Amino acid sequence: MALPLDVLEKSVNQKLSLLLKDGRSMEGKLSGYDEYMNMVLVDVEENHGETKRRLGTIILRGNNVVSISLL
Amino acid sequence: MALPLDVLEKSVNQKLSLLLKDGRSMEGKLSGYDEYMNMVLVDVEENHGETKRRLGTIILRGNNVVSISLL
Amino acid sequence: MALPLDVLEKSVNQKLSLLLKDGRSMEGKLSGYDEYMNMVLVDVEENHGETKRRLGTIILRGNNVVSISLL
Amino acid sequence: MALPLDVLEKSVNQKLSLLLKDGRSMEGKLSGYDEYMNMVLVDVEENHGETKRRLGTIILRGNNVVSISLL
Amino acid sequence: MALPLDVLEKSVNQKLSLLLKDGRSMEGKLSGYDEYMNMVLVDVEENHGETKRRLGTIILRGNNVVSISLL
Amino acid sequence: MALPLDVLEKSVNQKLSLLLKDGRSMEGKLSGYDEYMNMVLVDVEENHGETKRRLGTIILRGNNVVSISLL
Amino acid sequence: MALPLDVLEKSVNQKLSLLLKDGRSMEGKLSGYDEYMNMVLVDVEENHGETKRRLGTIILRGNNVVSISLL
């Protein structure tokens, strides 16, 4: 069985697409995470409706995340 | 009695339909889960109103889930 | 005194009507539950406004539930 | 000093009026409760705006409750 | 330093004005409280916009409270 | 490094400006706090849009606070 | 692997851009933080739509934060 945190572990240094509770989505490379699914992401690009924005390196709070897609 | 996590355990490798708090629904095959009902799903297809979107493999945070239907 | 979880225990295999936080209501037979009031329900029918939908067997997250009516 | 759970204890078998977070109110007789203020209520009548509805016996999740009035 | 629960302790049998998360405000005499700031209030009057309503004795869940004013 | 609770400790008897989750802001002198950032504030003035209101001494629940500005 | 709190540790005395749950964003220099990602920020400037506002030194509650960008 694939445990959620094990899948996240295997995704370190991989590109992810994230969907947030407020409707925004982000793409970036996973640099690290903790047990609460707080994540460090690099080369992040945010999409909010039609607007794109480069965010660089971010710390993302896990409790704002709906889903994490492996690309 | 059927305990919720036991039913989830028996659903590994089965196709599920999920309803999320924000109104979206998803279908996908359960690959794994943890005690918080965080799930790993593969071959995921998201439905938001009329819009369909292929999401592939995702980690879904359990606290966004309303209900999980066994298909 | 009737403890909430004791009443739920006695309702196993009984038909229940549930009201959810998002305004939807569901009817189904209780197959099991856990301490967080996560429930396994079978023969579930969902009502959202005028729309009815058969959901079959579901796992329902307890934190989305407002009230559980014994039928 | 009147502790909230002590007041609830004394209200068993008494009629209560409850106000919920979603704006609905309910009246019913308290049959039991637990430490999270989950309650078992009997002879429940729900009021949502102008709409009245008989709910019979319900389990009410405490985290949806704003206030409990002793009648 | 005035600890919040100590100030509440000193307010027992005093009249308080409370502001709730849903915009309603209430006035009443504090009869008791617990560590979660759940409160027992007597002679409660609720104000919702222009509407006033007598609630008598209530148990108020602390997690709905924004602020408590000492009168 | 300046720990959040240490900064709050040093702010006792100082004037603060607070921003709440519901968009209101308040100014007052910090009289005390606890580990959950519940605060006792004196000489409080609330601003909601154009409306100003004197609240006197209040207990403010920490989980409604977004940010605390030192004046 | 870059743990979220380690990245925050390395960001002390650095300028950060923060996105909050209510849509506001802030820029400021990180002066300190705790395990809940509560932060002390100095030289803070808030942006809410077109409105800019100087906030000086603030304590920001971590549970209002969506993401923290390193500048």
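By letter and in written order, the chains are A, B, C, D, E, F and G; residue numbering begins at 1 in each of them.
Definition applied: a contact is a pair of C-beta atoms (placed from the backbone, for glycine too) under 8 Å apart; a residue touches a chain by one contact, two chains touch by 3 or more.
This one's a predicted model, so the numbers in the text were calculated from it and none came from an experiment.
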| item | value |
| --- | --- |
| Distance from chain D to chain C - Cα centre to Cα centre, in angstrom | 18 |
| Between chain G and chain D, distance of the C-alpha-averaged centres to the nearest whole Å | 41 |
| Interface hub residues of chain B, defined as touching at least two other chains | 63 |
| Chain contact graph, described as a line, ring, star, complete graph or other shape | ring |
| Circular arrangement of chains, read from chain D onward through chain E | D, E, F, G, A, B, C |
| Interface residues, chain A side, partner chain B - complex | 1-8, 21, 23, 37, 62-63, 65-71 |
| Residue numbers on chain B that touch chain A, as the complex places them | 12, 20, 22, 31-34, 38-40, 44, 55-61, 63-64 |
